[in-house]
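As structure tokens, here come the structures.
One chain, chain A, links the two complexes that follow: it is found with chain B in the first and with chain C in the second.
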Partner chain A sequence: MEKLKKKIGSFSFWNWVIASIIFRLILIYFPKNLNLSSRPEVSTPLTSFRRLAEGYWLKQSSMSSYAGSMYHGSPLLLSLLGPLTVKRIEGQPNHLLYSLVSVIADVVSAMLIRATGQNLRLAYLRSLESLDLVKQIDVSEFLFSGDIAALIYLCNPFTIVACVGLSTSPIENMAVILCLYGACSRLIPLAAFGWVIATHLSLYPAILIIPVIFLLGCGPDSPPRKLFLQRHQQKEVLNQLKLPPGFSWGPIIHFAFWAFLWSVYVLVLCGISLKQFGGLWEMFKSTYGFILTVEDLSPNIGVLWYFFAEVFEFFRNFFLIVFHVNILFMILPLSIRLRHRPCYLAFVYVAICSMLKSYPSVGDSALYLGLLGWFVNELADMQFSLFLFCGYVGVSLLSPVMHNLWIWRGTGNANFYFTTAMVYACLQIVLVVEGVSAVLNHDRKLRILITGKP
Partner chain B sequence: METFINPKSLFHLLLLPCLLLYSSIAYNSSPVEAAMHTNNWAVLVCTSRFWFNYRHMANTLSLYRTVKRLGIPDERIILMLADDMACNTRNKYPAQVFNNENHRLNLYGDNVEVDYRGYEVTVENFLRVLTGRHETAVPRSKRLLSDEGSHILLYMTGHGGDEFLKFQDSEELQSHDLADAVKQMKEKHRFKELLIMVDTCQAATLFNQSPGVLAIGSSMKGENSYSHHLDSDVGVSVVDRFTYYTLAFFERLNIYDNASLSSLFSSYNPSLLMSTAYYRKDLYKRRLEEVPVTNFFGSVMETIHTDAAYKALSRRNSGRFEDEMSLDQSVHHIKRRMLIKVNDGDEIHDINPELLQGEEGASKCPWSTFRKKFQKAENVDSLLNYGLVAMIPLLVISTWLVQ
Partner chain C sequence: MELSFTQGRWNYESWGGFDPISSSNAKPPGVELWAVFDVPQHHIDASWKNLTHTLSGLFCASINFLESTATYSTPEWSFPPASGNVRYGTLPCEAVCTENLTPWLKLLPCRDKAGIALLLDRPSLYRGFYHSQRGRCVLAKSSSVYLLLDRGLVAELKFPNKENGKSAANGLTSENFWSNPSFELSVNPDRIFLEESSSHSKSLSILYMFQVEKYSESEPFDIGLMWKVPVAWLCQQTPLHASRFLMGSGNERGAIAISLKSTQFTEGFMSANSKDGSCELRVDVFQVVPWYVKVYFHSLRVFVDQQPRAVSDFIEKIHVSPSKDKMSPGVMEVVLKLPCRVNTAALTIEFDKGFLRIDEYPPDANQGFDIPSAIISFPNFHASMVFLEDDSLNRSPLLSKFQEKCPVMSYTEVLLVPLTTPDFSMPYNVITIKCTVFALYFGSLLNVLQRRVAEEERFLKAKAAKKTGRLPLLLSKLSAKLRGSGINQD
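Now for the complex of A and B:
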């Protein structure tokens, strides 16, 4: 019965995957990709396709690809994706090859999410077994979090829009997911590669080093170690095999070595490609410097552009530090509180980053919404889930309308658009806060089941 | 007894004055000739606004038409017009600008590309264009991207006076500013030859401080430049005399004629111009009879046939000698230059002349030959591609090994 159920479940999973691929292909064949690449929600100065093509053209004309402050990404991405921006096939839509690359990146990310989700689910079941809670919790009710997460990622309208809108988000997301997959499956070179590439492409995944360290040191998400000790105190049988292992430094050192190796490789390649145009310093200035100093203030779905358009020059540096420290100071408390659940910690970090980064887009939201799917079992009792869902739908419908009112019709102004951006930020904050409290509630419930006292 | 002066010491004794002699020759024949004439640029500036200065706009547009007709493409013309005459509300012929009463030529045709228009034509922008010091966001079409092989034609028209040119009725460009900009351009190797043509009152005073360039102005100090005729239909004067006779000269030419600059300069008749067209060539090295007008006003280039693949020269390396060596050696003036260099080099440095041919073989050290191969553009690209492609098998192998 279980096998049949599983078979039916997995059959419709592949159906959904194929359906989403076909849907993406249909959208790609619409003229000019439905002009999605010109929407500010999809393409930011960091992920825009037009800027990639411009950077590639500049490179082909023997100039620095960062000239004119158009392209702000990695030179390796230029060499990889640049030729795809100009290649045209007769009778097919203009950027077919590039769109196909995005679709493939999405599918690979979904497969990796599924594999990591299965890993997490198995680890969860194992930890429940070792806590002897299998009878008390109905395990057969457990949803296949891996499949659900993969489907959420693939069928999410945000992901589809980011893929069809020709942004570089699918590739950045793939790097982050590769890193998390490698860390969960203890494939240290893969994790190091994913982390280095994700940090190289956009600066923010650098903070994912903390969940990765926890993943490699302790293993995937599990209830707090205290509970295991309490359980075995109760049963007075200290079976070392059933206890989860303590923190081990060996894999961390291994990871540091591989990360160093991959970063040297990437930096050497970048240095070669930028030899005549100012070298690595120019690259850091144009990519990381651009991200950190928020030079471009064109509207997007974030909150920084509006603020920095009106701040006085004298206070600009101060507020830049405030906004960036906003992300940094949340790292430590969360890592202390959620150290037993590194994948959830990674999800929270990704959500915070995509809210407070300099140039957010819907591709970043696609990532953390996909990762949310891993925790459907832990987050089953999350409050405000309907409110959040409706809020997301509402914002994604209203935001283009407000943009149109502001820019094209001229009957609205920037405040209209910024309102939707603020509401979006509020929704993300509510999601993060409620999510963390739901997970902590889940842990509390487990503790109640074991010790009997709240 | 051994003589004090033996052949060897005699040779050493004579070497020193030879060294001095040849080093002075080498120093005087400065590396200006090292650059080949590769492209032509034109900067055409009209500095007056208001409807009654229609003729200045017509002057500039006529020159624009001429240089385009003789071959300079839009991307190498910087056209600065301080006001819009074609779509001016007082223009009876909308979108049309004429330089003659017979209205034969519409200068504002289909493909006029104005780079600086209206209030953008300021002294600051003009000097920025000449010296190349722009803000980072200025687009390429607004920059003078000349290099050391460029011939630049700089044409200015408007209202002027003793050592100044009036911009936009509110500011002025003085002759020492222009001279300073030209000197900066020379130091930055932004031109090979520069021809300044000015059509204003007392034009010759504007460039009396600009060194090393060829310049011609429509009138001397104390003289006015006059307009040619009044078009009673449009209501204003449509062209100035100096430009009118310049155009008359050019309308007789087509792209294949090789009229010389001296014939252009001698075609100006002071009685017809009602002013003396004065030109200075005291610091210009070539003889005017040998310089064809298309060196500045058109773009007729000498073609070099080569069977080798075309390599895009990066701007920083464009002066390197070995890149020129890789072109087909059958072009005679390259060979002549190389022979001169070789002759100089022989006595001073005692180097094998073949060494100048390809520096890859020069040094024995493999690292420097590797580095030299490295500096060519396409090698960098292919290396990068190999590096990127190699990332994936490396990743797979490392993951599989560690497992």
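Now for the complex of A and C:
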């Protein structure tokens, strides 16, 4: 019976995957990609396809691709994806090859999410067994978090829009997921590669080094170590339960070595391609400097653009520092409280980055919504879930309307669009806060089951 | 160095574009300044800054706005001394006012009370369609007034329209040309100059010179031209008529299009070169675009005779200097080689509109921002007139000016681009609301992380035990229900 159930479950999983691929291909064949690549929610100055094409044109004309303030991405991406911007196949939509690359990136990310989710689920079951709680918690009702997370990622309208809208978000997301998958499965070179590429493409995944260290040192998500010790104390006479291993430094040194190797390789490649045009310093100024100084004030689904359009010149640097420190400050408290759950820590970090980064887009939200699927069992008791879902749907419908009113019709003004961006930020804040609260509650419930006292 | 103040646009269709006056003297609206520097490369920008400030003080105009790097550019091929020492800047929306006339008048001994400056009657000057002041004076030993009869007018006078009825062709003699039945001059000219042969037109211009020193207070110099018969003529035009316009709608993106149409000149040129099958017309385009109009150079497209064509077929050379935000404008110089029989040609390029901070908008933000005129030049043709002169010692400076070989140039229209504006009344509101959102994030996340739920529950239980009234109990139950699955749920 169990085997049949599993078989049915996996069959419909592949059905959904194929359906989402076909849906993406249908949308790609629509004329002009449904103009999705010109929507500010999808393409930001960092992920825009037109800017990639412009950077490639400048490079082909023997000029530095950072010459104008157009392209702010990585030179490696330019070499790999640049030729795809100009290749045209007769009779097919204009950017078919690039869209196919995005679709493949999405599918690969979904497969990696599924594998990591299966890893996490097995680890969770194992830890429940060693805590001797298998009878008290109904394990057969545990959902296949890996499959659910992969399907959420593939069928999420945000992901589909980011893929069809020709932004570079699918590739950035794939790098982040590669890093987490490698760390979960103890494939250290792969994890180092994913981390280096993700940091190189957009600055913010650098903070994922902390969950990766915890993953490699302690292993995947598990209840707090204190519970194991308490259980061990209780059952010492009856059973010899194995304790989970402590923190090990070996894999971390291994990871540091591989990360160093990969980053030297990437920097050498970039240096070679930019030798005549100012070298690595020019690249850092145009990519990381651009991200950190928020030079471009085009509207997007974040809140920083309007703020820096209105703030006085005198306070600009101060507020830049404050907003970036906001992300950095939360690293320490979260890592202290959630160190036994590194994958959940990674999810929270990714969500905070997507919310507070300089140029957010729906592709970034697609990433953390997909990672949310790994924790459906732990977050079963999350409050405000319906409110959040309706909020997301509402914002994604209202935001294009407000943008149209402001820019195309001229009947609204910037405040309309900014309000939807702020509501979106508030929704994400509620999601992060309630998510953290729900996971801590889950751990507390386990503690009550073991020790009998709250 | 050349500085010009212009109000109005030179109407190339009616007033011609091929003679030296319209080619080198017709200027774009507003202020245009270009200068060639003789100092080492790294000093040029500082010298430019000094120059703009000095001129601004001299002419009481806002030329000092040209000092920032975002307003001037370095053309490579478009200006004759082709080197890196040229700096070009223009302010399209600068209004020309009577104050700008004052420095010219200060140079004259009697200012505007007597002499030639009496003609500069301010009300009538500024009421005209076009007037321009240019800083490139030539010193003359004596004052003379010149009257130029354009080639087109001469052709019309020589062979008037058959519909007029006057079929008698007038003999072209220099002595009694003023007895032409079409017009009458009140004063007889002192000298008459005939143009030497022109390669581009069959008829030749005629220049009348009147010397002012022969006249005095008692015998004032009053020149008048009276048309006896209505004469309409077409001034010789540039090889291709250039115009520029914006495409697209909305405040997010658009496209700039430069269109080149053939004029009656091209037909004549075509027939002259019809035996040479592969003749080519070279067109130089120089365009400066401010940084907030972010041009995508890879979207440059060429249309010849209304068909989209491959860019590499018609563009021989292209030099772009992409714009850097708030630092430098975008410069595009294109050398096109079009076939001589071209009917129409068009260049289109797409752009995105940028977003500025509130202190970067001008006081009237909703008017829009100007894209300066583009310069279209035809290096194959030279707008110059060589006049036969017998007295080579007393060379008139104006005639030597006319003889200078400069390529035919024309300026396109200034484009007005409306940009979206943020709400200017909102800085404090935006800052406070945004910081509230951040405080919400910061505070609630830290709160969740450090909560000790067990202690809270004990505290709440103790508080609930103390409560006796029904209403607080109902309220607490209601609040627990609203929050969804509460903490006390089993």
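Just so it is clear, the second predicted complex is superposed on the first by the 449 of 454 C-alpha atoms of A that agree within 3 Å, B and C clash if a C-alpha of one lies under 4 Å from a C-alpha of the other, contacts with A are read in each partner's own complex, and residues count from 1 in each chain.
One rule holds for everything that comes next: a residue touches a chain if its C-beta (ideal position, glycine included) is under 8 Å from a C-beta of that chain, and two chains touch if they have at least 3 such contacts.
Here the structure is a predicted model, which is why all the values come from computation and not from measurement.
Aligning the shared chain A places chain B and chain C in steric conflict.
In the superposition on chain A, A:E54 contacts chain C only, with no contact to chain B. In the superposition on chain A, contact of A:P189 is made with chain B only, not with chain C.
Once the two structures are overlaid, the count of chain A residues touched is higher for C than for its counterpart among chain B and chain C. Shared-chain residue A:S69: touches chain B and chain C both. When both complexes are overlaid on chain A, the residue A:Q383 reaches chain C alone and has no touch with chain B. When the two complexes are overlaid on their common chain A, residue A:E313 makes contact with chain C while staying clear of chain B. Shared-chain residue A:L334: touches chain C; no touch with chain B.
When the two complexes are overlaid on their common chain A, residue A:L100 makes contact with neither chain B nor chain C.
In the superposition on chain A, A:I21 makes contact with neither chain B nor chain C. Where the contact sets of chain A with chain B and with chain C meet, they give residues 61, 63, 68-69. On the chain A side of its complex with chain C, the touching residues are 38, 50, 53-54, 56-58, 61, 63, 67-70, 295-299, 303, 305-313, 322-323, 326, 329-330, 333-334, 337, 355-356, 381, 383-385, 406-408, 410, 413-415, 418, 422, 425-426, 429, 432-433, 436-437, 440-441, 444, 454. For chain C in complex with chain A, the touching residues are 249-253, 291, 294, 296-298, 318, 320-325, 330, 352, 354-359, 420-423, 426-427, 430-431, 433-434, 437-438, 440-442, 444-446, 448-451, 453-454, 457, 483-485, 487.
Considering their complex, residues 136-137, 139-140, 312-317, 375, 377, 380-381, 383-385, 387-388, 391, 395, 398-399, 402-403 of chain B touch chain A. Touching chain B in their complex are the following residues of chain A: 61-63, 68-69, 76, 79-80, 182, 187-190, 193, 254, 258, 265, 268-269, 272-273, 275-276.
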